[in-house]
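Just below sit the structures, each encoded as structure tokens.
In the two complexes below, subunit A is the common chain; its partner is subunit B in one and subunit C in the other.
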Partner chain A sequence: MAKWRSWLGLAPASIIMLGLFGSSLGYGIAQSLGWLPFLDQRELSLAAYRNVLVGQQLGGQWWSALLFSLWVSCAATFGSACICLGLLSSIAERQQHYRGLSIVSNLHLAIPHSVWAMALLLMLSQSGILARIGFAVGWLDQPKDFPVLVRDRWGIGIILAYITKEVPFLLLIGLATLRQQGRAYLLVAQSLGANRWQRLRLVLWPLLAPSLISGSFLVFSFIFGAYEVPALVGVRYPEMLATMALELFLNPDLQARAEGMAVSMLMSLIILAVVGLAWRWREQR
Partner chain B sequence: MSYRKLVLLLAFLLIVPIAIFLVYAFAQGWFFPALWPERWDSELFLRQLRDPQVRRGFEQSLVVATGVSGLALLLGYPAARVLELQQFRGRGLIYGLFFLPTVVPSVATGIGLNIVFLRLDLAGTLFGVMLVHLIPVLPYVVLTLGSSLAHYDRNYEHQAAVLGASPWLVFWRVSLPLLLPSLVVAGVLAFLISWSQYVLSLLIGGGKIITLPMLLFSAASGGNYSLIASLSLIFIAPLLLLLGLVARYLGSPATGATPRP
Partner chain C sequence: MSYLQLDQLTKSYAQQTILQNINLNLNQGEFLALLGPSGSGKSTILKLLAGIEAADAGEMRLAERLLNPVPAHQREIVLLFQQPYLFPFLSVAENIGFGLKARKEPKKLIQQKVAELLELVELGGMQQRKPQQLSGGQQQRVALARALAVQPKVLLLDEPLSSLDPEIRVNLQGVIARLHRELHMTTIIVTHDLSEALALAQRTALLINGEIIADLNSIELFERPPNRAAAQFVGVGAIIVGHMQGPTFCSSLGQFNGNFAPNTRHVAIRPEHIQINDQPQPQTIAAQIIERRYLGERWEYRLQTNEQIVVARETVQAIREIGQTVYLHFPQQSIFALND
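Moving on to the complex of A and B:
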């Protein structure tokens, strides 16, 4: 009786999740294998994957999008993790509660990525606020003297948008750990004569590393597959995998759908591999 | 950096974008490289507020996000209770089921579901969009309620039950008041995830459902800065309002708000 009742509570949410997620996965795989019933095409093949990975037209695009996605995700993840660690190390020793920081970081998480990216565009574009200030101060003579920081070919705008957005997320993850155990250890180390650098390296880092590293893996996998920010403050070339996948899928040529699916499947596979590695690493510790 | 300074810096970084949007939305004749607009005018902003397309986007976003929050709480609360308060085999598997959609990109789930929803005649309907929004929303509701239930003492419920309260009365008079902060925060979280969703709405809404993010995207490709700023303000105003109302709950671990990249 108790068993049956307990499953009753869990069933609706699980069934809906499994239904939506499972059918999305099933149809995604089927279509990437060329099963396109609306084109009366029901033969399965690996043609779409072949086109994407080594095809004449798409092959180059795939590899450059993969490299660009890796570059943007790694740079943004590494940048936000370092900033977060620096900030936490500067406040960890003097603080007992983190209420204010946790409220303001949560508020940051509430700003949608798309809106955040737009703010960055208005701020940093060649006719944006910073360029106007630079002009007024006399550093520039015309808009094109201002460096291209958004919609640039190195993805600086995308990386900046993500770093500023992910630091509060990682702060919250780190605070959850610090709140549980941080201060006492740091005070003991201090009274035993450890200097600041020793406390960071021998106390704070070992405490924060597990949660901060798992948080960074989440950040990486999010950035690697997200569409909004690169679509808004990126350029058409080089582009990220998510924008490549969606563009192929929305292509009026319905044959391109299978290729869009293949790109999105490969992209998800990479993310799942990264998350799986992170999970195993955590289990082993 | 001192703690106070860090909190102030982060608060400042929240105010800057809003200030930028306000300036761009209400400035008139503000040509490069002028540092300050010639004059201020609310005409363009008001025109956006009155625009039928914007109104429709706002209404449909509101209907979808409210519906999704309600649905997610209704589905998520019993699920979180079972997951957090009971031991059973396969618990890890169910957790995995709720964790996976948080890492698989919505581009991938969206294009996979596009055909499914077309076949079920759910594409282009408000209900279809709500349903697909459950994929990113439901996991966070379950995780948030779950981590708040970890701080929850179930003995209050047993006590009420021993004293003869019906299950419904126990929920209404004991569980609900105790868990209210967490339920409210989970509802707001659900609302804002749905409100910000672009890719899934686009792929399932099929051009028939217009939400605010879609209008922002089309404005962004147009490149009219004051239009972008006006839409951004309209976009974030309800979020700021909601968050302002629950901000005091966000600082406490017992509320369980699960952070999201």
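Moving on to the complex of A and C:
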């Protein structure tokens, strides 16, 4: 009875969630299977998936976008986690710094990704502020001598934008763990004879690992599926899957919507696989 | 030369003096209790000794070696906190072996030592458990074993039993006392509980407002506290104000002869030494019971005399009623002088 009551309590929220997301998801799946009633096309097939994965026109684009998305997501996630770990390691034994870092991280999180990406573009492009300063002070012969850090084929700009945005997010997760007796554990280790390096390796990192790894899975999933940053600071080739999906969806040829939705569905499957891995990892621990 | 020496130790936080000119000496293998109310600076002394905090002034020496510049992890002084703080990601065995691993001891030696210590703290067979699977008392035993594993030169116990249930607490007091008897480790325990200090330590230093106001044998501190502040902390039946007339201390509660200093202005008596009579007798004064409390083996009475409130305890024979008039006798031999 109590079990039913708890389900009943969750019903209003669940109905709204399922209604909104379920119908959107259902409509998306249907479109990816070729159900395009506005084109009077109601027959379901896997043609769009075939086109995306092995089609002559889109197949190559899909695989390069997939590899590029994986590269950017992995590099940005790994970079963010490493920087976060480094920062937390440097302040872990100085509790008075927790508050300052928390305030800065919260403020930074409030900046939208698109605004941050634009700011990076203005700062790091070859006609940007740093290039002009470099030229003005004589470090560069011309502003265009500034290294290509945004809109580059390696996705450095996208990775930089994501690292600088996701580090504060991971920091807040790590700080929450540290605040719960983190310093006490380090003091115990110190009292037992562990030097600074041992305290980091044997205490701090194992303490932070569960929350940082869980947070990193979230960051990966977000970066893998996000559109605005690669659209602003990325290039047309190689592009990320999110930009490829949206371009197909917005294509004047309405037939391309099925492929756009197929790309989105395949991205969702990959993210679900990552979430499944994260879940399994947590369960094993 | 003492094994552990604290010389003129001073510590302030944000212009508030926590410790002032602390002098303390310990012999090797001695068990000292640092007793005092909350905020008296007891834990700060342990933090300074462990190297978690730095002293503003004064010196600490261990076996003649100056400790002040030595980093915490090289001091060979282990601090056991109020909470066990077992590493949640390690098993019981890994927790106990942590300090040995940090010292890069061989794996075999660590395993052997861990097994020995588990037996010593009566937790044999629990080596693979995670801290979350242990009770509070078991966790504190593991923390104790973890501290003992590195064979510290000095073991510091910062109210390690205060968060435990009374039964587990008494049990762990027994474990700590036994381990000290067997290992002869120089130990300092911080506590605000007089009975804990009496149960564990040979010597007690009483700390009030950052100053050591008494440092003597634990039983002596309980039986005959040397000054008013110590008497108030350990609890006496009455602090009697008076003056010396020749060899006699004269007060409103009676005249007492004893080996008192000529300038004695206060004497005291323990509550259990005050005799309560139903009828007036020579050298008794009348008092009215204003409150009573059952302590298990004794009744404690608060009594109002003409001059002051007196606390007396007697073993349960006949229960006396609130409002009843009784007659108090202060045996000469139980009266002791207090320094001001």
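Here, the second predicted complex is superposed on the first by the 271 of 285 C-alpha atoms of A that agree within 3 Å, B and C clash if a C-alpha of one lies under 4 Å from a C-alpha of the other, contacts with A are read in each partner's own complex, and residues count from 1 in each chain.
To be clear about the criterion, a contact is a pair of C-beta atoms (placed from the backbone, for glycine too) under 8 Å apart; a residue touches a chain by one contact, two chains touch by 3 or more.
A quick note: this is a predicted structure, and the numbers were derived from the prediction, not measured.
Colleague: In the superposed arrangement, which partner chain does A:Ala75 touch: subunit B (first), subunit C (second), both, or neither?
Modeller: neither
Colleague: Considering only the touch criterion stated at the top, classify A:Leu122 as touching first (subunit B), second (subunit C), both, or neither.
Modeller: Only subunit B; A:Leu122 stays clear of subunit C.
Colleague: Identify the partner contact of A:Gln181: answer first if only subunit B is touched, second if only subunit C is, both if each is, neither if none is.
Modeller: In the superposition, A:Gln181 contacts subunit C only.
Colleague: Between subunit B and subunit C, pick out the one touching the greater number of residues of subunit A.
Modeller: Result: the larger residue contact count on subunit A belongs to B.
Colleague: Looking at A:Met265 after the superposition, I want to know if it touches subunit B, subunit C, both of them or none. Which is it: first, second, both, neither?
Modeller: A:Met265: touches subunit B, not subunit C.
Colleague: Return first, second, both or neither, reflecting whether A:Ile159 touches subunit B, subunit C, both chains, or no partner chain.
Modeller: Touch partners of A:Ile159: none, neither subunit B nor subunit C.
Colleague: For A:Ala194 in the superposed arrangement: first (subunit B), second (subunit C), both or neither?
Modeller: Touch status of A:Ala194: second partner only.
Colleague: Which of the two partners, first being subunit B and second being subunit C, lies in contact with A:Leu204: first, second, both, or neither?
Modeller: Neither subunit B nor subunit C is touched by A:Leu204.
Colleague: Which bits of subunit C are touching subunit A when the two form their complex?
Modeller: Residues 50-52, 72-74, 76-79, 81, 83, 85, 87-90, 98-99, 101-103, 146-147, 150.
Colleague: For subunit B, which residues are in contact with subunit A within the complex?
Modeller: 1-3, 6-7, 10-11, 13-14, 16-17, 20-21, 23-24, 32-35, 75-76, 78-79, 81-83, 86, 88, 94, 97-98, 100-101, 103-116, 131-132, 134-135, 138-139, 142, 192, 195-196, 198-199, 213, 216-217, 220, 225, 228-229, 232, 235-236, 239-240, 243, 247-248, 250-253, 257, 259-261
Colleague: Considering the complex alone, what residue numbers of subunit A touch subunit C?
Modeller: Residue list for subunit A touching subunit C: 181, 184-185, 187-195, 198, 202-203, 206-207, 209.
Colleague: Could you list, by residue number, the parts of subunit A that touch subunit B in their complex?
Modeller: Answer in residue numbers: 3, 6-10, 12-14, 16-18, 20-21, 23-28, 31, 38, 87, 90-91, 94-95, 98-116, 118-119, 121-123, 127, 129, 131-133, 135-136, 140, 143, 164, 166, 168-169, 172-173, 176, 179, 218-219, 221-228, 231-232, 242, 245-246, 249, 260-261, 264-265, 267-268, 271-272, 275.
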